[in-house]
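See the structures that follow.
Two complexes are shown next, each including chain A; its partner changes from chain B in the first to chain C in the second.
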Partner chain A sequence: MSQEAQPMTDPGQEKQTLKFYFTPRQALAGELDQKNPHAKDSTFQPEVVEALGERFGDTITGVTEYASEHTVFVEKSAIVDVCRHLKEEMGYTYLSEMGTIDRFTEEDRFEVYYSLVNMQTQKRLRIKVRVDEEDPVVPSVVGVFRSANWHEREAWDMMGIRFEGHPDLRRMFMPEDFEYHPARKEFPTLGIPGSLPLPPLVSDGKLTLDPFPRAHGELPED
Partner chain B sequence: MLNNEGGFLTTSVDAVVNWARSNSLMPMPMGLACCAIEMMGFAGPKYDVARFGSEAMRFSPRQADLMIVAGWCSYKMAHAVRRVWDQMADPKWCIAMGACASTGGMHRCYGVVQGIDNFMPVDVYVPGCPPRPEAVIHALMDIQEKIRNEYSVTMDEREKGAPMRLEHGDIVSASGDVIRHVAEAH
Partner chain C sequence: MTVSTIPDTAPIANTATPDESVFTFWPRHNAAIYKALEDKHIHVEVDDDPLESRMILNLGPQHPATHGVLRCVIRLDGETIESCLLDIGYLHRGVEKLAEVKTFQEFMPYTDRMDYLQPYANNVAWCLAVEKLAGIEAPERAQWIRMMLCEIARIQAHLLWIGTMVMDAGALSVFLWTFKYREEIYNIMDEVAGARFTVSHSRIGGLATDISDEGMARIQAFVDEFEGQLEDWKKLLNRNRIWVDRNLGIGVLTADDVIELGFTGPNLRASGVNHDIRNFEPYLVYDLVDFDIPMRTEGDSLARYFVRVEEMVQSNRIIRQCLEHIPHVGGPIRVDDAKSTYASKDEVYYSMEGMIHDFMMTDTGVAPPKGAESYHAIEAAKGELGFHLISDGTGSPWRVKMNSPSFCNLQGLEYLIEGEMIADTVVLIGSIDPVMGDADK
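Then we have the complex of A and B:
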C-alpha cells in the first residue's frame, strides 16, 4: 500500500465518554504504536520479558506488545522449560487459562497460548507457541501446571493438537469415536452427516446416522 | 356420591384409572441446561405444582412416568436420555421443555440434537427460552388432558383376547382372522 495506513476510528468517538477501540486488519500497523487507555499495568512487564530473553536466547522467537500487553512467542521445544522457569524462579505459579487458535495460514497454522499469573506481584504474562498443520504436536506442560490437564485434552478434542507427555490424552467433549476436530476452521458448523449417531427411534432398531437425510440430498431409508 | 349413610359411586374403570394417573404424574427431571432452573421454579412453592400432584420429582426412572427434558441435548447426551427413557415403565409421557429441546433452538451447530424428537417420542412441546413455569404447568395440564382421554384399561382387555377387535380398519377375530373391513386405516 502506498498511502500510510491510518488508525481507523469510529466517527462518533469524539462524543463518547468510553471510546470503543477496535482492530481492523489494515489499521493494525498504526494501532500497534498506540497506547490503550484502558490497559492495566498488570500485563505490562518489560523486565520479565527481558529476563526471559537473556535466559532462553534464541528459543524466544519474538515478543510483541499490543495494547500494553506483552506476548512472548516461544519455540515449542522450549515451552516446558520456559513454563518451569517462570513458575519456579519468577513466581508465575498460576496457569489461569490456556487454549488454541486456528489462524488458518499456510505456515504455523495453530497457536497455543498460555496465560500465567504471578499472585505475588499481581502480574500477567501471555506465552504463545506456534505449530504447523503437518506436525501439530506440542510438549505437554502438565508436569509443571497440573491445571493444564483438561485444557490440553480440550485442545486435542476441539483443535486436534496432540500434547506429548500428557498422562491421559482422551477427548474432552465429543464422543470417543468421533473422527473430527470441530474447532478447526474447515469443519462445517452444522456438522458432518453420519459422524454422530443418534439412538434408535424404536427398540432394537438401528442407530439414526443422519436425522435429516432430505436436507443432505438423500431419501430416508423407510 | 359418598355420604354418611355409606354411599357409593359408580364409574368406569377407565375414568378412575385415568383420574388417578393424571393427578399423580411423577416427573423425571432431565435438566440439561438453564431450563432446569425454571423447572425448579415449576416444582417450587411459588408456582406449586403440587396442586396438580406432580411435585414429587423422581430421580429414578423406575418411579417416574413423565420425563421433562429441560435444555439442549447434545449428541453424546442423547444416548443417556434415551436410555433413561427406556428404563421408565409404561405408561409414560414426555415434555420437550424450551426451544432447544424442541428444535435445537439457537444451538444450530454440530454438537446439539436439533430437537429431541429425533430420538424419542414427545407428547408436548413448550416454546420459550426458557419457558416460564406457567408454561410448563400448562404443558402438564395438556398431558393430564391427554391421559384423561385415553382407554387405559379397556384397550388392554381388547388386546388380550376379546372375541373381536378393531385392527387397522378391519374387524379381527381372536384368532387373528379378518372378519370384515370397516374403514380405511389411518
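Then we have the complex of A and C:
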C-alpha cells in the first residue's frame, strides 16, 4: 500500500486508541460531469464573463463555474470600477446579495462576493474579491450600490472585513462593545465568556456578568 | 397642604422637569406626572432649536407595533421624521455559525425559526439549496407537494401580515379573522407534517412523509372557504375610507428607488418592478402551473397591500392546480438512493443495510463535493430567500450565508421612513412587512 493510499487521520486524534478515519470527498462519483438538476439559465453567462475579461484584462484573476453558476474573481483594487461598469454599461442594477467567506488556513484568507442581477436580461452574476488576513480592507461599493450599505456592515460585524469609504461602518447585529468577529473560523461556537456584559440589575448597579460565569456560580458583587 | 410640608425623602425631580415647588396645587402629584412624561419616551433636545420642535424619539425594541424587536431611533422636527436609524440584532442567534457544526439535515429545525411566519417555505429553501450543492433532485411528487405547501406557507405569512397591518392602522377585527385561518393552516400542517408550527417536514432529497387523504381533504376545504373569505376582506378594505386614507400616497417608492435600495419581494413588485424568483429562476415545478405575478406601479403603502392580497389569490390558484394534479403523480416522495437521503422507515426497520444507511445519514449525511459553492433562492412571502453554501467535502457546510428578505427590506425602510409623518411610522413598518427572526439571523 503506497503512502498516498493511506486513509487520512484526524490530526487531533492521533494519540487515541480508537482512531477516526475520514476521507474528504473530492467529488461524488460521476457527478461533476452531469448537469446539475437545479442549474438555472440565469446564472450561466459566458458572454458576460468574456466581455468583462476583455474590458478589464489582468484585474480579472479567474473564473469558476459550479452548477452553471459563473463566478468572476476580481482584483481588490478594481472592485468599484468593475461594479460601476456592470451597473452603468451592462445593466446589472440590482445587488441581490453580498456576503463573506472565511477560507481559514488558505492564502488570501477572506472572500467577499457580490451577486448582481440584471432585470432586463434576467441574469445573475457573482463577482468575488479575495482579501488577505493581514490587511482585511476592501473598497466599499456603497457609492455604486446603495443597498450594499447594510451588507458591508454585516460583513464587518461578522467577519471583520473593513470597507474603505463606507459612510457609516458600525456593527450590524452585535453591540459596539463587542470585540470579536463571530463568523470567523477561530471564533468558538459557544462564544467567549465575559465578552458581552449585560445591563445592571438595579439602576446604578454594576454591569452584570454574562451567563457563562453565572452558570459556574460567579455572581456580581452587589 | 403647603409646599413646605413635603418630606425630604421625596424623590428629587430632574432639573429638566419642573420642580415640585413650581406647583401650588398637588405639587408631588404634578411633578410625578411631568417626570413620567419625561421618562416615557427618552428624548434629547437639540441646542439651536428656539421653538423646541426637534426631538429624538426612541421606538422599540420592545414595542408592539414594530413587529418584533426592531428598534427605530427617529429624529423628529415637529411631526415630520427628519432622519431614522434602525437598530437590529436583538434576535441575533448566529444560525449561520451554528450551521457549520451541524450536518445539513440537522440544520433544518433552525430554518423553521428564522422566518417564523412561514416555516415550511424556509425548510424548502434550505433543502433546495443543499440539493443544488450536492446535485440531488427530489422526485416529482415531492416537488408538487413542496410547491403546494410553500404556497400555503405564503398565505400563512400574508395572513399574519394583513392582520397586524390593519391592526396597526387601528382596526382589530381583521386580525381576529385572519388568525382563524392561520389556525386552519396549523391544522393542515399538523395533519401533513405532524407539527403545527415548526414543521421541519422537508428532507434533503424529498419529504419526510407522504401527504394523506385527510391532509388533501383539509387543504381542499381550506381553499374553498378561504377564497370567499378573501373576497369579503377585500370588500371591507379595498374601498374603506379610513384604510385608504391611512395608506394612499404613504411611503412612495419609485421603480428606481426600490432597485437602488435593494428591496425585494412584494415591495419590489408594488413599485412596478417585475421581479419574482418563481419567474426569474423557476424552481420546483412552478413552470408547470398557471399563475400571474401581481404588480402595481404606484409604489405606496396601499399598492403593497394590493400586491399581497392579490398574491394570496394567486397562491390559492396554484394550490387548486396542485390539488388536482397531485393524485395523478405517483412515485416515491424521497430519492431512492440511501447515499443521498434517508432510507424509508420500512427499509430501516426490516433490513440491515437500511439501518446502516439510516445511521450514516444521521451521523454524516449528504457530503457534497469539496469546494462546491452554490446559491439557491426561492420566492418566500417576504421576497428572495436564498442560501449561499460552501462545502468542504464533509457532511456539514463550511460556510452558510443566508440572504434574508427582511434584512434587505429593513435597509430600505431606513430611507423610506424619512420625510414621512410620525403617525405613519407604524403603518410604514407594517407595509414593509419585516420579520425580525429573518432579519437578525
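Assume the second predicted complex is superposed on the first by the 174 of 222 C-alpha atoms of A that agree within 3 Å, B and C clash if a C-alpha of one lies under 4 Å from a C-alpha of the other, contacts with A are read in each partner's own complex, and residues count from 1 in each chain.
As a convention for this text, contacts are C-beta pairs under 8 Å (C-beta built on N, C-alpha and C of every residue); 3 or more make two chains touch, one makes a residue touch a chain.
None of the values given here were measured: they were computed from a predicted structure.
Between chain B and chain C, the partner in contact with more residues of chain A is C. Once the two complexes are laid over each other on the shared chain, residue contacts for A:L196 go to chain B alone; chain C is not touched. Of the two partner chains, both chain B and chain C are touched by A:M174. Once chain A of one complex is fitted onto chain A of the other, the partner contacts of A:P182 extend to both chain B and chain C. When the two complexes are superposed on chain A, the residues of chain A that touch both chain B and chain C are 173-175, 182, 187, 189. Those residues of chain C lying in contact with chain A across their complex are 88-89, 92, 94, 96-98, 100-101, 128, 131-137, 259-262, 264, 273-275, 280-281, 283, 367-377, 384, 386, 388, 390, 392-394, 399, 401, 403, 407-408, 410-412, 440-441. Taken together, the chain A residues at the contact with chain B in this complex read 173-175, 182, 187-192, 196-201, 203, 208, 211-212. Interface of chain B with chain A (complex): residues 75-76, 78-79, 82-83, 86, 108-111, 113-114, 118-120. Looking at the complex, you find that chain A touches chain C at residues 22, 24-28, 31-32, 34, 36-43, 64, 66-67, 69, 71, 93-97, 99-102, 113, 115, 117, 119, 122, 124, 126, 145-147, 149-150, 154, 158, 171-175, 182-183, 187, 189.
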